[in-house]
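Look for chain A in each of the two complexes below; its partner is chain B in the first and chain C in the second.
The block that comes next holds the complex of A and B.
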C-alpha cells in the first residue's frame, strides 16, 4: 500500500480513473464520496486546516500513476464537503477552502471541556493562549487554525458560554468563560 | 363352430388378468425391496464416509469439491435441502447458505465501484477478508456452488465466462457479445481506448463508441482522461480491481 508519510492511502488512489471526474451520475457520486472521506481523513491526521486549490496539496497528485486532479475535480470534491458542512470556502473565487474535520460545534465542545479540565469555568484566556499556550499542549486545540477557533468561540459566545473581548490589537483578543 | 362369448369365458379372462396383476405386483415389490436394500446400504456407506471425513469435507476446499463431484455422479445433491441428512450430518448446507449471503453482501457493497460485475478472484479475496478468522477456507469452487444456489431466488446472479476468467454479475444488465469482447480485450491492461477496440476487434468507430458508452452508463466502466497521450481510457473495475476495498457496510463475519 502506498503511503504519504505516515498516512496510508486507500487503494482507489492508485486507480487512474478516480482522477478524472466521472460523467455517469452514480459512479461520480461514489467517486466523490471516496474523495471526501480521503480528504477529511488526511487533513485530520495531518492537522491541515486550509487547502488551496492551486497549491501542491499532496492528495491532488499521484506521481506513481502519473495522474493529477483537474481544477474542476478539486472544486467538485471540496464543494461536496462544503455542502455537508465539513468545509467552507474562504473566498468568492473558491481558491481556498477551510476543512472542518470537526464541525464548528464540535470544536466548541472541545473548547468547553478544555476549559473545564483546566478549572477555567469563569477564567480568562487570550485566544492565542488557547491555540498555543502550555495548557492546550497535547490537546486537539493546540495549533488549531485561528479562523476556526474564532468561529467556535463566537458560536460559544452566542450560546452565552463566554464573552470575547478585544485588546488593543488582534493578538490581544481574549475570552472570559462563564460556563 | 364358433364359440360364442359366455359368462364363463368372461370370468376366466378376469381371473387370468387378476393373477397376472398379482404376479406383476409381487415382482415389482421384490424389485423395490431389493432396491431399497441397495439404497440403504449405499446410504449407510455414504453416511459412514461422510462421518469419517466430516472434518475434511468442512475444512478442506479441495476435498469438498471432490466430495461434491462424487455426489453428483450418484445423483445426490447435498445442497438440495437443508433438511436432508446430508445437511444435518455435515452442516454443509449452512455453509453454502452462509456463503451465499456473504456473496450477495460483497456484491452489493462493491456495486457502486464495479457496476455489479466482479471477478471471481476478487470476490473470493473479499470473502476471505470478510470471513477473517472464520473456520473454513473458501475456494472458487465453493463460490460457484453457492452462486448456483442463489439462482433459486431468481435470475439475479450469473456467472459469465470471459476466456479463462470468470465474472459474477449481480445486476440485471444484459451484456451482449460486443461488451464481452471489450471486457476480454481489457483483461490485458485493465483498460481500453476507442482506437484499440477498433483496431484489435476490427470494428467501426461507431460500434466501438456505442459499446463503450453503454458500459460506461451501466457503471461497469470508468473514464480516465489523465494520461499524457491525451487519449481517453476506459477502465473496468470488475477486471482490474480497485483492490481490497471492503466498503463501509457491516462486517458480518
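The block that comes next holds the complex of A and C.
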C-alpha cells in the first residue's frame, strides 16, 4: 500500500478515474464522497488546516500513476466539503480553503475540556497560549489554526462560557473562562 | 373461399413482395379494387395496393387489414387487355381477360381452358393512362418467358436457399441494362442492328449472374469445403473477406424508385431497406452506422441512388411498420440502425468481460482498443462505452495520455471506511491486477 509520509493511502488512490471528475451522477457522487473522506483524514492526521487550490497539496497529485486533479475537480471536492460544513472558503476567489476536520462546535468542546483539565474554570489565558503554550502541548489544540481557534472561542463567548478581551495588539488577545 | 381463385403472393417480413429472379417492379398504385363483372363469385378485393412487375400484377392488402392474403395474377395468364372507356362519373377502370382452369381458378402457370374478364377500379388519384401504358408494355414484352427458360439452371442450384435466390444478384449492370432496354423499346424499330450489341451484353450479364450464383453457393457451403467439380483453379477465390466484400456489391434487382413507386416511394423504400439491412446487420453484430448502410444500400442499388435524406425518411418510417429493425439515436446524436433482437445487455456483457482482463484493469482501454475487440467502428465503440458509462459499468480517465475507460468500482467503495476492500469485488480484482504488475 502506498503512503504519503506516514499517511497510509487507500488502494483506489492509484485508480486513474479517481483523478478525473466523473460525469455520471451516481459515480460522481461516490467519487466526491471518497475524496471528502480522504481529504479530511489526511488533514486530520497531518494537522493541515488550509488547502490552497493552486498550491501543491500532496493528495491532489499522484506521481505513481502520473495523474493530477484539474482545478475544476479540486474546487468540486472542496465545495462539497464546504456545503457539508466541513470546510470554509477563505476568499471569494475560492483559492484557499479552511478544512474543519472538527466542526467549530467540536473544537469548542475540546477547548472546554482542555480548560477543565488544567483547572482553568475561572482562569485567564492568552489566545496564543492556547495554541502554543506548554499546557496545550500534546493535545489537539496545539498548533491549531488561529482562524479556527478564534471562531471556536467566539462560539463559546456566545454561549457565555468565556469572555474575550482585547489587548493592545492582536497578539495579546486573551480569554477569561467562566465555566 | 372465393379468394382462393387467385394464387397467393409471398411477402418478405417487412411486407415487400418476394420477386422472381429477373422480375422488376414497374409501377405501384394504391387504392385499387379488383372484381369480375361477369362472375359474381370472383373475389372482390377492395383498395389494395397494386404492383405491376414485368411478370405479375401483385395485389397487396391495405396495411390495416393485414390478415387478407396477398394475391397475384401472372401476366402470362392475360389473354387480352381491353381498351378503356373514359367516363367523367366513374373512377377509371381497366378490363382484361384472364385464362382460368375449368373451376374458374387463375393458375400460377397462367394456362387454362376457360377465361374470365377482370376489372381493376382505380380509386386513387393516380394517373391511369401511364399505368395502362406500362401495363401494355410489360405484357407485350413477355419477360417471364425469358427468365423462365434462363433461370432453369440457376434456380435449380439455388434451391437450398429459396429466399436468397429470389434476391439474386445482378450486379449494378442490371440497372444499366434495364434502362437501356427501356430506351430501346421506345426507339424506332429500324435500329434493330443495335440490338445485337445489346444482346451480346445481355448474354454477358447472364454469365455474370451465373458466376455470381456460383460464388455465392461456394461461400454458403463454407470456405473449407471442396470446390465444386466445374470450377478450375482460376476460380479459386481469395480470402473470405474478399468474398464478403464482393457479396456486399450484390445488387438489388428491383430497386424501389420514385418513378415506379410515386407517392408510395418512401413507404416502399423503407420496406425494401428493412429487408436489405438484415444481412449487413448480422455481420456487424446487430448494430450498424447510418453512413455504412447508406454506402452499402446505394452500392447494391447500383444505378438508382438515393439521397441521405431519403434514407433517413425511410428509416424513420420503420416505426410505423412491423419490421425487425429500428433507428436509434445516441445521446451524442450519432444515428445507427439496430435490429430489435439486438440487446445492449449483450454488448455490455462483452464490454464487462473485456474490462476485467488484467491488461484493461491496469491500463484501461481506449475506444479504438474496444473497437478492435468488439469488431465495430471506433466511433461506434465509443458510443457503446459512453452508454456503458451512463449505466455505471465503466468510468473515464482523461489525462494527457488520452481518453480511456476503466471498469467502474466506485459504487462498491464505502466512504465510511475508505480502506475497506470487499472480497470478490471488482475492487479486489483490480487491486490484485495492479499489484501483480
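The rule is simple: the second predicted complex is superposed on the first by the 179 of 179 C-alpha atoms of A that agree within 3 Å, B and C clash if a C-alpha of one lies under 4 Å from a C-alpha of the other, contacts with A are read in each partner's own complex, and residues count from 1 in each chain.
As a convention for this text, a residue touches a chain if its C-beta (ideal position, glycine included) is under 8 Å from a C-beta of that chain, and two chains touch if they have at least 3 such contacts.
All values derive from a computational prediction rather than experimental measurement.
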item: Room on chain A for both chain B and chain C (clash or fit); value: clash
item: First (chain B), second (chain C), both or neither touched by A:66; value: both
item: Which of chain B and chain C A:51 touches, first, second, both or neither; value: neither
item: First, second, both or neither for A:78, with chain B first and chain C second; value: neither
item: Contacts of A:8 with chain B and chain C, given as first, second, both or neither; value: second
item: Which partner, chain B or chain C, touches more chain A residues; value: C
item: Which of chain B and chain C A:41 touches, first, second, both or neither; value: second
item: Which superposed partner A:115 touches (first chain B, second chain C, both, neither); value: neither
item: Overlap of chain C and chain B interfaces on chain A (superposed complexes); value: 10-12, 15-17, 19-20, 22-24, 26-27, 30, 66-67
item: In the complex, chain B residues that touch chain A; value: 112-113, 115, 191, 216-217, 219, 222-228, 233, 235, 237, 240, 242-245
item: Complex contacts: residues of chain A adjacent to chain B; value: 10-12, 15-20, 22-24, 26-27, 29-30, 66-68
item: Footprint of chain C on chain A - complex, ascending; value: 8, 10-12, 14-17, 19-20, 22-24, 26-27, 30-31, 33-34, 36-38, 41, 66-67
item: Residue ranges of chain C in contact with chain A within the complex; value: 364, 389-390, 392, 395-399, 404, 406, 408-411, 413, 415-416, 418-419, 421, 427, 430-431, 434
